[in-house]
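Letters A, B, C and D name the chains as they come in the text, with residue numbers starting at 1 for each one.
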Amino acid sequence: MDDANERMNKRLQQLAASAETTFWGFLGCEFVSMQDNIITIALEAKTHHLNPLGIVHGGVLSSLLDNAMGIVVMMARPEDKVVTTNLNVHFVAPLYEGRLLVTAELVHQSRKMITTQGRVVDREGNLGTMGTGTFRVI
Amino acid sequence: MDDANERMNKRLQQLAASAETTFWGFLGCEFVSMQDNIITIALEAKTHHLNPLGIVHGGVLSSLLDNAMGIVVMMARPEDKVVTTNLNVHFVAPLYEGRLLVTAELVHQSRKMITTQGRVVDREGNLGTMGTGTFRVI
Amino acid sequence: MDDANERMNKRLQQLAASAETTFWGFLGCEFVSMQDNIITIALEAKTHHLNPLGIVHGGVLSSLLDNAMGIVVMMARPEDKVVTTNLNVHFVAPLYEGRLLVTAELVHQSRKMITTQGRVVDREGNLGTMGTGTFRVI
Amino acid sequence: MDDANERMNKRLQQLAASAETTFWGFLGCEFVSMQDNIITIALEAKTHHLNPLGIVHGGVLSSLLDNAMGIVVMMARPEDKVVTTNLNVHFVAPLYEGRLLVTAELVHQSRKMITTQGRVVDREGNLGTMGTGTFRVI
């Protein structure tokens, strides 16, 4: 990791720390890394992240994607205030208790719109959820 | 409210109670009513439901929709095990701390697929989020 | 139908006529009516609108929704130039050759974003497709 | 291109030829190639593919994605009858008359569901549209 990358990762660690009192922290998200413009975050999925079927709740997975995509957007537009306008999530396989890894990356940006995509995998790398999100500069 | 309706609402209250240890309870969802096949749930949005901009987190809103839609699906298919396969959410206006009401209803069901739609409004009835979800009988 | 409504419907007939050389006309769309803010258009689905399975092609149905939603948006924002930014379509049941009716209506509008929803039904009113679309003022 | 790949491409050329009387042919789609599990198709966008703003119609772009994704699905499940259940499209930048290239690939498949993603670019490779699609084995 070069110096610029290291500085960026430190800044993201700080951002994550300041988000502890928001839904990011309540959910239990951890910032993992930013490398080659791919953001990785993690969640230790516990009982309270599950739905009554015993699999990770669709809302948790949507939240994880929104969080990882949100960091992608903040990195792309550090000076702008940006909100999610659309989130589309495909739940392709069930995910269970344990460590979940979430990656997200930029698909496209114009002056006012940013489009991203992301994935949630389990510890073994099995894909459970994928989604796309659109964000708008306000 | 007639007797059948009242029994249904009691059953839903019980279901909600048993979901207290799942993500439903962790988030803080309350079952409100089922009337004319429209499910209503509520959330008292607090600081820990917000994102760093001070508005309700997109993941919270997606979770609320998934929860309300999930009840619609359970009512439509009480004997089946059903999972969310797709959730599409439009965030049309920011929502803030305070009471949020979430409604959801059935759009269509076939043997294996159920499609639903839902909305999140604030106390004054202003629409903040709307979405659609597809569920699959497994 | 009152006078204002009649004038509006005439204007929409003219708009549809001027769209004959665009994809609207190529596909075979007809403007049917606008009443209580619900736009209705129609398509006589023929062999060339089908996919190899003999059912109406998903792209045709997506196009119909985009067209009907586009009229909703034009009516809501007659002075603005507006483009589709997101289209999400649920194909809930197959549709076949014959007359298809497509309705669309406004869900929400802010200064820069307009959100709509729509449905495609067959002659008997059976729901085949439903979708939501987001449009942006440029 | 090795022998197996060449045979596959020939088979896809034949499939495309047999689809000439369906919406695939009516729209003007051409099969280009399948390489490393990425399907590429093309469309020569003409006046009748545009919307009244003079840009390629959202329905055309949705149709192109559905077509390219449909081939991905046919290759993944040659023995099965499969239908599109959900199509989600982000229109990130306008596309104009001229040659459009559409790529699609598999994201995930389970016994009954197949999830795909795709992109539409112009001659210079500029991204105009991206989307995801879910298909169901019937």
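Just so it is clear, contacts are C-beta pairs under 8 Å (C-beta built on N, C-alpha and C of every residue); 3 or more make two chains touch, one makes a residue touch a chain.
Keep in mind that what you see is a predicted model, and the values were worked out from it rather than measured.
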Labels of chains that are neighbours to chain C and to chain D: A, B
Taking each chain's C-alpha mean as its centre, the one farthest from chain B: D
Interchain centroid distance [CA atoms averaged], chain A/chain B, Å: 22
Distance between the centres, which are taken as Cα means, of chain D and chain B, whole angstrom: 34
Chain centre separation in whole Å, for chain C relative to chain B (CA means): 28
Multi-partner residues of chain B (each touching 2 or more other chains): 85-86, 88, 90, 92, 113, 134
Footprint of chain B on chain A - complex, ascending: 18-19, 21-27, 47-53, 55, 57-60, 62-64, 66-67, 70, 81, 83-92, 94
Interface residues, chain C side, partner chain B - complex: 86, 88, 90, 92-93, 107-108, 110, 113, 115, 117, 127, 130-132, 134
Residues of chain C defined as touching chain A within the complex: 85-86, 88, 112-113, 134, 136
